[in-house]
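One chain, subunit A, appears in both complexes that follow, with subunit B as partner in the first and subunit C in the second.
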Partner chain A sequence: MTLLSALFDLLLLATLLWLAWRLLASADLFKAVVLFIAFSLLLALAWVRLNAPDVALAEAAIGAGITGALLMVALGRLSPEDACPHRLHPTLGQRLSAPLLISLAVPAAVAILLSSLLTLPETAAGLAPLVTSHLAQSEVAHPVTAVLLNFRGYDTLLEVAVLVLAVLGIWCLGEAQVLTLPGSVSPVLLGMTRVLLPVLVLTGGYLLWLGGHAPGGAFQAGALLAAGAVLWLFAGQMLSSRWSDLPLRLLLLLGFQVFLATAAVPVLQGNLLLAYPPGWAKTMILLVETLLAGSIAAVLAAAVIGGRPACAPQSFPPAGQADEEKQQ
Partner chain B sequence: MNIPLLYAAGGVILFFLGLHALFVRVHLLRKVLAANIMGSGVFMVFIALAARAGEAGPDPVPHAMVLTGIVVTVSFTALGLVLAVKIEQTSGRSRLPRKGEEGA
Partner chain C sequence: MEIRELLAALLMLTAMPFFLAGTLGLLRFPDVFCRLHALTKADNLGLGLIVLGLMVQADSWQAAARLLLIWLLVLLAGATVAHLIARQALRTGQNPWRLS
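After this line comes the complex of A and B, so read on.
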């Protein structure tokens, strides 16, 4: 390790901490959201520095891209921060208690954790040798994909269940609102979308295939496809009611259901949970990953819309005012 | 102290920066941001400790766990933001009700 790369790491770490502090302390919420997107992108760079390209891809696509879109949509629907947040009738104790307790407890906890970090060995192989020695059994060449979909497949199964649950929660809370008013879409965005959409779909498919032997996989691919879908929605496009009813629900659940079936069938045959039949693991993993990528894309796009399709809709999300007047 | 452990220390500080803001800041969007920063701090500790392997290449198990974590984070962010918008719509405030207010 050269001095220059160590200096780069230090600078990156300092920038990340400064960005985090600024985005949590800045007075303007819009600025905070923009700083958060910058923070996520730099975090992806930090993952690359730490030899984790899979995580970097996911962070750039999901952390910066999808979370950024989610935050921007929510920012437009929330009222701005109070200029000076004040209590109704604060006592001296209330005034002091929370800030005082936190400013005592947080540095103490930081000190304890940092001192325990210092006692850790500087090099430790962890579970890497174990994964490498069993990699051939998993029938995929990339260790992270092997862990995600074979060795610790139940983690991924539960994670997809969490995604489906999140959409269930979002759909329970209300109907979808208008994302973009017709006529308010700039021609630059429309042109950009036309260029970017095919590129995103192609890159998503490439990452999905790459996951078998190199950094990439269902989550990165799903996030890219979701980014494409979000761009398409922001460009004023909508799903017609024919597609937003049963087909959308099927797409949302398909990845989870097929994964669950793949996990459960071996149990019925008296085998272990998620034990792929020998010789079929690569095919099964690829099938599950492809369906998962589609489902993840649909789930993330549905999360950005932020509501269920309305009972008697023309489209999902609903079109703006101008359209309604036209139809009347 | 080598570079991975330095990143791990940075992760600890990120976590507590987020925790501090989660308690001190009032606006709900800011609380969601704070929880995201806390999560990033935890991920940084995981990835940094996985990077200690050196020549043999990093440990893939924490990488897979962080990938799972990123997807769970975006799930809770999405649900949390929709809840925040719902709170704003029903109470007219983009913060949790205080002691003595309606709904507290």
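After this line comes the complex of A and C, so read on.
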């Protein structure tokens, strides 16, 4: 059996390398995006083989799903000449620089990796025993959640801050375009959206709750909810202007702000950063995770749409003007 | 226990030809519509048989139900995406291939 699984691993590794090479070398951007999605799915499989189901879930949901949709939407916006760039004739220096760099960088990287491989101990337990011995203190049963939201909570805090900053950057670049015109939506897509949306919300909540004792958590749940939101937008729906202004901004920020508050309050009381009050850790983690899931969903969906919500469309022609035209 | 594993192996082996046929069709069929038609073999029957094989091996009926749900969701998504691709292909003016 070990021979078979080793063979499978080698095949997986070879396919990953081949896909990575093909997607980087592909001149056709659409092909590159499709290859990237396939690469992410196989990478999720590789994480499963490495016994890291949490990372595998996040990779499949965010890497393959949301990033794939994001790249597709971005590709749809490129003008035809941007999408297939004509090849320039490289000069001699450009022609030589790539082989030169590769022939220098690859042996150097191999040498550094080999030399550090020699200094590693033969078997290392890593930090797993340390986490397991303190798991009761964190008040959650799943070690990954304990690390992400308790022992190393500031990593997650900064990650969420980066996500919020990313949306800020995206919104600075321009207004969102309408993904699908309501009239041109296939009724089949509408029907599937109606069936899938409740399932996605339910599965998101399930993954969120599962994070307490098994692989799952805010990022995976947020990615599922974001997928639901993107599907809803592709089915020709739009966020009404009543919700797209202040409520959307609040939703985007809420997870980060509550997390920051739970991190900062202990500091003000003379305690350590992110020191949950004893006995309250589970409740606080659940609260932060729930709000984070909502915020992450909003952030990821906003990134896929790629722009700030458009200003409320004026009824065109404006009502008064239309009346005047009728009278004429 | 032994019979369950045998049955599961049999079901999964039965699934293989469908995946093979689907992949072959995807690579070799002449136009978008034919290729979509080939894909449904792998999606519906191939995956269905694999899920059935896994359900036979599942520890609890909850796990089996989850596997069944995955298959139903793939069916739903696969059928919708195939419809959307075919619709877009028709709209951009691709004519179905004919033997001529």
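Note that in this section the second predicted complex is superposed on the first by the 273 of 328 C-alpha atoms of A that agree within 3 Å, B and C clash if a C-alpha of one lies under 4 Å from a C-alpha of the other, contacts with A are read in each partner's own complex, and residues count from 1 in each chain.
Rule of thumb we're sticking to: contacts are C-beta pairs under 8 Å (C-beta built on N, C-alpha and C of every residue); 3 or more make two chains touch, one makes a residue touch a chain.
Predicted, not measured: the structure shown is a model, and the values here were computed from it.
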*So, A:192: does it touch subunit B (first), subunit C (second), both, or neither?*
second
*Report the partner of subunit A that touches more of its residues: subunit B or subunit C.*
B
*Is A:242 in contact with subunit B, with subunit C, with both, or with neither (first, second, both, neither)?*
neither
*asked:* Applying the document's definition of touch, where does A:122 land relative to subunit B and subunit C: first, second, both, or neither?
replied: first
*Please indicate which partner A:169 is in contact with in the superposed arrangement: first for subunit B, second for subunit C, both, or neither.*
first
*Touching subunit A in the complex: which residues of subunit B?*
1-10, 12-14, 16-21, 23-30, 32-34, 36-37, 40, 43-44, 47-54, 56-68, 70-79, 81-86, 88, 92-95, 98-101
*In the complex, go through subunit A and note every residue touching subunit C.*
186, 188-189, 192, 195-196, 199
_Can you tell me which positions in subunit A touch subunit B when the two form their complex?_
1, 6, 9-10, 13, 16-17, 20-21, 23-25, 29, 32-33, 36, 39-40, 43, 46-47, 49-52, 54-55, 58-59, 62-63, 66-67, 70-71, 73-75, 77-82, 85, 87-89, 98-99, 102-103, 106, 109-110, 113-114, 117-118, 120-129, 131-132, 143-144, 146-148, 151-152, 155-156, 159, 162-163, 165-166, 169-170, 173-174, 217, 219, 296, 300, 303-304, 306-307
*asked:* Can you tell me which positions in subunit C touch subunit A when the two form their complex?
replied: 73, 76-77, 79-80, 83-84, 87
